[in-house]
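What follows is a set of structures to go through.
Each of the next two complexes has chain A plus one more chain, namely chain B in the first and chain C in the second.
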Partner chain A sequence: MTVEEEVKQIVSRIVHVEESTITREGTFKEMKADSLDIVQALVAVEEKYDIEIPDEEAQKFTNFGDFVDFVVAETAKKG
Partner chain B sequence: MGGDYAPQEVMKGAIAAAHQGNVDIILVGQEDAITEGLRADASAEKLVRRVHASEVIIEGESPAVAIRKKKDSSIVVGMKLVRQGEADAFISAGSSGAVAASAATYLGMVEGMERPTLGGGFSSFAPNIVMMDLGANVDCKPHQMVSFAIAGTVYARTLYGIANPTVALLSTGAEQGKGNELVKEAYPLLQQSGLNFIGNIEGNEILLSKANVILCDGFVGNVLLKFYESIGTRGRAWFMGKAPICKGLVGFLFDRFLPLKKLSYEGEEQGSGILWGVDGVVRIAHGNCKAEHVVHGINAARKAVETNIVGSLKNEIALLKEQGKI
Partner chain C sequence: MVNPLQGKVALITGSGRGIGKATALRLASDGCDIVVNFFRRRDAAEQTAEEIRALGVRAEVVKANVGDPAKIEEMFQFVGEKFGYLDIFISNAASGVGRPVFDIDAKAWDWTMNINARALLLGAQQARPLMTGRGGKIVSISSLGSQFVWPTYTAVGVSKAALEALTRYLSIEMIPDGVSVNAVSASAVNTEALQFYIKEGYVKDMNATTPVGRMVTPEDVAEAVAFLCSEQAYMIRGQTIIVDGGTSVSLYPPVIEKGEA
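Entry: the complex of A and B
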């Protein structure tokens, strides 16, 4: 499973949306995620990959694709 | 260790509970404050374990942001102790929103529960009712009301011993179709839920125990709870003002026969409540709780662990799912 698929799975479980409806262009707002959903998703991803997603970075994510790209880049750095 | 009277009152209560001998206490907070608090009771040093948490979540901070920014706060550190199995339960008088957010994030939700919910009763006048939600969710979605109803049903069964608790929606009229959008949309979902749903009840029927589980969003619930809690103190003061010459006697009679000032602290709740829906035992205490409420909260948390309330909630949800009701 790719990082993107795994992240999608995490977001789907937390935000209660079908994985198939999550697209790279889709936003958390469109998924009707509230602030707690977003925090839960960020922490779950941080813990899964043992990475840190600083708030200033998280605020730059305009859609799911940005989020995934950041996670992929951070996990690549860790090797 | 949060709360209006923290750390002194919280520590006093925790140490008193430790002295009772049936719980092991872990104090999570700033080392200096813990050391200072333990100085007052030399024997307590051996009874409690300390875990340092350097950061403090301040009341008013955004809970969702705070629990990510302040990972070394007692609310996050303590929750992780529960997740790791080092503690069986967590109790805090700190920011309620941060405790709820931290519990949902670090313990996770029970499957079928989307949001944590706070439940509690009005035990002085209506001993067999539980209201959900009392403030964990100021904005709710209709399907979340069903999950609150399930939690309330388990609450009434487990803690009040009611076999088949009745469930009602708090509204502005008894008939279906009365109320705001949330109530109107939640009504048919509750009808289909397989729970013992009896319809809407109005505010003047709460204390008549028209239903065992009364549902409202956290905004309404929190306003109602705080209003109810204020009645005791204000009522006593009002009566004493009416008879200033013998206010000592009036005060004595009230405290002896009608302890209105204790309204909010009677019964199971006594200053704290269970956070339902999260995958672990968490109790949120009133910010203004004193040592005796902390003792009660700790003992109630112990009871919740022993009676396996989280397991009961999981079983109830699994049963309703199996029956295709939710």
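Entry: the complex of A and C
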């Protein structure tokens, strides 16, 4: 499974949306995720990959694709 | 004058910003080494640590979600590894879901209760072996929402009521460990967290409705915390000290003549 698929799975579970409806261009707002959903999704992804996604970085994400790209970059850094 | 807290170590949860940061700096100014804890904002925590070090004491930064028991354990392990003991534990980190009663689901309730109330229980349990025999102090940070009703504040208010009750129980059960436990409760404090309520229109000009004529600042709260951490407060146990400029004892604050701002 790719990082994108894994992150999609986590977001789907926390926000309660079908995985198939999550696209790279989609946003948390479109998924009707509230601030608690978003924090819990970020924390779940942090724990899955043992990375850090500080709020100051997360605020820069414009869509799900940005989120995934950040996670991919951080996991790559860890090797 | 000798710094009263020289050689002591304090862990302050949620100390990157707001009341936690002001408390960290206040205790550091008395010579205390500080462990800064954060959850979501590393930049703010690192900035706080820099400001603490500039006061000539040691500062360490540890990330932990205090809503997660495993992370609390890791945070205290970090303190043990870095310092080997702990003198002061300030349970300050708070979060919450601002919703009317009928919109609060189990997830929002658990999130709020775990971070705001359970974290003191688990934190005190972890702090105990590091504090025993050192005359330790634990202070929890509450809010007037534990006693009074604010719009959408239900989950947080209830969690703060639990926090205050737990503070009373801990204060008695930790006497054999030589640890004092108290709480400081504040009305609306001028922090980033308050900005949410202002933005949502739930809080207006608190300067006008606070009897002393200005809002409570993080530094006002930090002063009360510092006093409870001093030996002068030895006989104060299990209390919730209210820092609110007179708000909670005043039914009609706007008609009261203001003190100096």
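A few comments on the model shown:
Operating definition for what follows: the second predicted complex is superposed on the first by the 79 of 79 C-alpha atoms of A that agree within 3 Å, B and C clash if a C-alpha of one lies under 4 Å from a C-alpha of the other, contacts with A are read in each partner's own complex, and residues count from 1 in each chain.
In this section, a contact is a pair of C-beta atoms (placed from the backbone, for glycine too) under 8 Å apart; a residue touches a chain by one contact, two chains touch by 3 or more.
Everything numeric in this text was worked out from a predicted model, so none of it was measured.
Of the two partner chains placed by the overlay, only chain B lies in contact with A:His16; chain C stays clear of it.
In the overlay built on the shared chain, the residue A:Glu56 is in contact with chain C alone; chain B does not reach it. In the superposed model, A:Val39 makes contact with both chain B and chain C.
Residue contacts after overlaying the shared chain place A:Ala73 against neither chain B nor chain C.
36, 39-40, 42-43, 55 are the residues of chain A that lie in the contact sets of both chain B and chain C, per the superposition on chain A. Those residues of chain A that touch chain B in the complex are listed here as 16, 35-36, 38-40, 42-44, 55.
Per the touch definition, chain A reaches chain C in the complex via residues 34, 36, 39-40, 42-43, 52, 54-56. Within the complex formed with chain A, the residues of chain C that make contact are 40-43, 63, 65, 97, 107-108, 111. By the touch criterion given at the top, residues 62-65, 67-69, 101, 104-106, 114-115 of chain B touch chain A in their complex.
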